[in-house]
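In the two complexes that follow, chain A is the common piece, with chain B as its partner first and chain C second.
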Partner chain A sequence: MPVSLNYVVKRTVWALLVIIGVIVFSYIFLYLAPGDPAYIWAGRPRGVNATIAIMNARRELGLDKPLPVQILLFIKNVFTGNMGVSIEYKQPVSVIIWRGLTATLELLIIAYLIGVSLGVLLGIYSALKRNTRLDHGLQVLAITLANAPSFWLAIGLIVALAYLTGFTGYGRVDTRLAIATGFRPITGFYLLDSLIEGNIPVFIDVLLRILPPAIIVATYPLGLGIRMARALIAETLGEEYVKAAIAWGVKRRTVIWRYAFKGTIPSLTQVLGLAFAYSLVDAMIVEIVFGREGLGSLAYHIIGKSDFPLVIGLMITVTAFYIIVNTLADILQAMIDPRVRL
Partner chain B sequence: MTIEKSRMQKRIRGIKELFSRAWKRRPVFRAGVVIALTLLFMAILGPFIAPYPSEGWGIPPATSRGAQPPSPEHPFGTDAAGRDILSRILIGAGMALFQIAVVVSVSLAIGLLVGSVAAYYGGVMEKILNYFTETFMAFPAIIVALALNSLFGRGLMVVLLSLIITWWSWYARIAYVNARSTREMEYVLLAELSGLPRYRILFRHILPNISTPVIVQAITDTGSVLLEAASINFLGLGLPTDYPDWGVLVQNGFNYIYSYPWISLIPGAFILVAALGLSMLGDSLREEMDPRLRRRWRLWF
Partner chain C sequence: MNRAVLIGLILIALIVAGLGYYWYSSGKTGPNNATASRKVLVYAYEDSITGIDPSIEFDTGLVVLGLVYEPLIYYNPLQDKFIPALATSWEANENHTVWTFHLRRDAKFHDGTPVTSQAVKFSIMRALEYYEKTGEGPGYIWEDLVRIETPNNYTVRFIMDKPMRVDFLVSASYGSYIYSPRVLEESGVKSPLDEELLKWFNQGHEDGSGPYMIESYNPESMVKLVKFRDWWGWKIYDINKAPDVLIIKIVTDDVSQENGLIAGQIDIATTVPLQDISKLLKKGFSVLNTTTYHNYVLMFNTRRYPTNITEFRLAVAHAIPWDRVYREALLGYGRIDNSLIPYGFPGHLDNYTFTYNLTLAREYLEKAGLLGKDLRVEIMYEGTYSQEALFAQILKGSLAQLGITVELKPASWDQMAETGPTVWDNPDQAPHMIINDWWPTLPSPYDFLYSLLHSDSKEWNWAGYNNTLFNNLIDKAWDLEGSNYEEAMKLYVKAQNIVYEEAPAIGLWDEIKPYVYNPRHVAISGEAFNPLYMYVLFIGHLEVKG
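Coming up: the complex of A and B.
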């Protein structure tokens, strides 16, 4: 393993620092907003209990203490999973967000399984057929997919599916079927849960429901995969060691997979890892269009409702997800790339 | 004075040359230019050539026709309030370009300044500015828009601010990387030895020399900015419901996708083509600029 523990520790500490920066920024955001922070945190209450709600918020945020202490208190609260209570849902923010995050992550992971594998395969194919009409066609397809607004693609797919198959049932699982078969979520990843319970009808139902949105989320990694894999493979195919392998009479398949493709894995990991982190927001938008539960729907339902604790919770979660995935991709890339010594 | 002038000319020629080279050699670039010019044309002439200008601006017609499918009278059909969609799209092009222009230029200015100051001054300043850059790179624009929306409600400012807050950091990163290598150049050392104040060196010697890669990146980004702005407006975080913005237009049809799918699908197609054209433009410019990439492309094609 060419990567030292020192690098891993350094990278982790840096990521933690950035996450703390995000939390501090979120707090300052609340603080700089016009109006009393406690009033905003309590969800701009009106009526008889408003004073009590504001006083509770004041205590929760520690507004009677100096600003640095408030910020430290806020950081401590976030790290202990105490991000306040959602005004709209009347539940702790961390609970709601965890429930939404598993749903969104499930969608994102399925989408990336589809998008990355197909994209890399097509990219390699495109690199092998370079300069043909097929190659140009694939590249045009790739750049189009990477630039298509996902909410629009999602609407298009919903309309097409409704006209062709009449399928309009979206959401994560058919509630009636789930109740009839006694399905109970354990981890929150429904595909995994139904497999653990050996509940095949629910598994098929969940899979059928996750596929259309997953295909839409997959368009970005698909387009990126085609372009990146093509570029990297075409580059490595010109390398001396690949030429040498060809000259030695190594089998074509072995040259492609063991020589050319293997050399591109580290770069692909890094780029697609970054894309994975970035796609969380994309998955959220697609969820909204498809009406699936998840982080996106959470966010969509509180638009214009001044549920500030949940907004801040979402902001910290999504940003922290981005930082963590990015850091993991960097460390992974350093670990598997024999040329990188850190 | 003359030296200054010739350097300016050289820099401009640099970008001009890049454009003409890309134009000669890359069909993708030509396609991008055509799309970008069409967009510009629509943005300038849109309000004048729109067949139903008042409906385009969001006022429903006096006698509501309801949603009509595309017909010779209304090439793209009408929305649920009976407004002509073609007119709305034509007038919306200006808003699309305005959002792109403001977001990219303001973030570019901030990013260039932060990145080059971090690289040139070094020390604690470098550490702090890089930390800020890294932190802001992690924020997704749509989530920031959600937060701004919950504080201030809907408005153009939400779109612009959220995108600027999240976008400048990417330019800061590119500017920083390029300025780091420029700082080591001998002419910078000479300028320092001749006693020029540091901010003059920054503005005269560092900034002009790092601007080309950053500007090319900015051109590439215009497509992504359009997509993000459209997403924010589609979610109902930005511009109000009646405004002729392309993202808002898609939102307007969102409740009727089963009965009147054209209300959403046609404006969305415009977003796709515009974003595609702009990023084709930027991508091919970047490939033309980067000699390493250029060599690679020659190898493949």
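Coming up: the complex of A and C.
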């Protein structure tokens, strides 16, 4: 087993410390920020008892306690599975975040599949055509894609789509179609749900709507994939064992896929794993531009509303996502590459 | 190219072609032909829903409450007309301390049980008692209620401790919605004041009697409502014209609402970029401009130099170029109105205007000995509202001509709500000027005048204004409303005269709300919106096309 118990324990402790750090930092930041969430919690109280309502709201939210006590209570609640109730929406934070998370993850996964598969293929092709015009062109494309601001690309794509086809890919699903066909989300992943229900019209509609934003989110892993795959393959092609294989007359395709590419998988896994985590932020931004629900739209609306349980809940979710993806990437690398021991 | 790659490319081409054909054959805005069986209306709302407890919610949840629940009667201030809802008739005793309402016999709750007087008592008492217990919610409107009697299932009697206009109370936009007492059983609580009942409502449960029932409730993204076929109103309005499914889609960004309209995913938009409305009209969309009772008020800190000087405040009032505000800040979608009470609302006064006159403004400054002095003032406003931000910039430019330097302080709403009341305890830390916005709960001038300028209203009187005569006048007027409405209105005028002369606050504008809609999907008449119930769709006055 490439993963030791020591690693798991150490990683878990670090993860918990990071999450506690995020909670403490976020809480203090939100505490110092102007604005009083009690006014929102109490719902614009009027009448002669309005002041009492504000005081009650502060007590209900625990804001009447000293700051360290508030933070400790918040941490205790989080680690007992209670992220609190949203001040704005009056619903459990975990429920709201789960609804947003499924939407964002669905977009991210589709984008990542597109970006990585295409990026690695183009990277390999570029490595095989080293120092040609095509190679240079692909390198420029890769740098551009990996660095272009996603919101800007998203706006450009919407304008282009609207101009050329009249279709903007707005929202996650055509509401009328979903109602007409009796579509009822089960997991929150609409592509999966529509397949489970055998609802092909909704599946196609969801797919068509997810493709434009997914293409934008895919630009980062695509650009990174091209550059990484090209560099790694080019390097591996110069290795002695690859040269030996060529000299032995092994087929070109076998040399590329079985020797050269296989050797790059551990490094690619590590880098592209991080790209998956990084692309979460891109997905959150792009979904706002495309009018899709998700964590990004949620954050966009809630920021500046002093809804500290929900804001911290979002911070914890994003942090946990990074930690989980990074850990999985490490474990995957260790499983693939026998030289790596965790 | 080898065979495998060729087959792969052909397969991809076929899939793309198939998807393309599907989309093309479905029309550019989606497969509308599939909706023939059920009429769907998508209503984009510009804010998230802050709660849907019919007795406690006091904010944006109104857009849902108004479709799911009903009061005893509605009131239309523009026409000064009461519209029967759950009550068909009502009367008061001679001195207006006892009001009797007769309920319609064909009204049912969504659980199938009839709407009874016991349900009315249960709902109103919960609003009042929750307010008495916590200070939260709109239950304060029932503070003068002594008890509710239910002589029979369809008669309900309100006993008040003084003469009151209970017809105004039962038609309030908050705090008067009726629901089934079975909510206790359904939520598993014993007491109406149990916090678990509040949570139960906010999870998306309901048991109202309105034309729609909640099917799913995601306050951050979408509320799905389905038609209640046993609604009594379908005997008056054509059930076939109303949508079977009504989606309230939360789209807080105006550009996203515009995109949704164009993409065919939104039928009625509550906010689009104002400068784009003419473009949308050219594209075939329609617009319904509606009067609202949502007004914006500039409040002066009356406890801090120099805004504590009446002449300074009057100078500012006369230094505002109202035409520019109308053109550049409101883009025509607002009514310049210096009265604290919006146009069309009881107690509104047409003749209270501060004309733009820089000479007069200088005279006021000179009279106060302020002309030529280095005057610096702050203005706080809600930064996310472009109209407020543009107004603040226009004011800054105009006051600069009088030698007054204005510091702009954009803030979030809750930051303003936290800062405004500091005028009472720490006036030098509160801004000199702050823009407050208000919309009413009750159709009474008292709602605006008490909340904004009564010295007991410490949370919303951001001017720190304390004028005993003004307080007494509006308190007396409120007490008189039940017994001598005309005299009460005269007292409200006297109180507003004081405000006009002293200018602790000046009305800026009343919002005009342009609802942009797709006429191919929906036809809307003006009565579909009543300004007292902001954003509520009165479903009998619109028609969804098949």
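Heads up, the rule we're going with is that the second predicted complex is superposed on the first by the 266 of 342 C-alpha atoms of A that agree within 3 Å, B and C clash if a C-alpha of one lies under 4 Å from a C-alpha of the other, contacts with A are read in each partner's own complex, and residues count from 1 in each chain.
Rule of thumb we're sticking to: a residue touches a chain if its C-beta (ideal position, glycine included) is under 8 Å from a C-beta of that chain, and two chains touch if they have at least 3 such contacts.
Note that this is a predicted model, so its numbers are computed, not measured.
When both complexes are overlaid on chain A, the residue A:T165 reaches chain C alone and has no touch with chain B.
In the superposition on chain A, A:G304 makes contact with both chain B and chain C.
Using the contact criterion defined above for the overlaid structures, shared-chain residue A:T175 touches chain C, although it does not reach chain B.
In the superposition on chain A, contact of A:I40 is made with both chain B and chain C.
In the superposition on chain A, contact of A:I204 is made with chain C only, not with chain B. In the superposition on chain A, contact is made by A:V22 with chain B only, not with chain C. When the two complexes are overlaid on their common chain A, residue A:K90 makes contact with chain C while staying clear of chain B.
Note: residues 34, 40, 158, 162, 168, 288, 300, 304-306 of chain A belong to the chain B contact set and to the chain C contact set alike, using the contact criterion stated above. Of all residues in chain A, those touching chain B in their complex are 14, 17-18, 21-22, 25-26, 29, 33-34, 40, 127, 130-131, 143-144, 146-152, 155-156, 158-159, 162, 168, 231, 234-235, 238, 278, 280-281, 284-285, 288-289, 299-300, 302-308, 311-312, 314-315, 318-320, 322-323, 326. Residue ranges of chain B in contact with chain A, taken from their complex: 131-132, 134-135, 138-140, 142-144, 146-147, 149-151, 153-154, 223, 227, 230-231, 234-237, 250, 254, 257-258, 261, 264-265, 268-269, 271-272, 275-276, 279-280, 283, 296, 299-301. Taken in their complex, chain C has these residues touching chain A: 19, 22-23, 28, 30-32, 34-38, 40, 42, 48-51, 56-59, 131-132, 134-138, 140-141, 143, 198-199, 202-203, 218-222, 245, 247, 249, 251-253, 256, 259-260, 262-263, 265, 384, 411-412, 414-415, 417-419, 441, 451, 456-460. Interface residues of chain A, counted against chain C in their complex, comprise 34-37, 39-40, 42-57, 88-91, 96, 99-100, 158, 162, 165-168, 170-171, 174-177, 179-181, 201, 204-205, 207-208, 288, 291, 293, 297-298, 300-301, 304-306.
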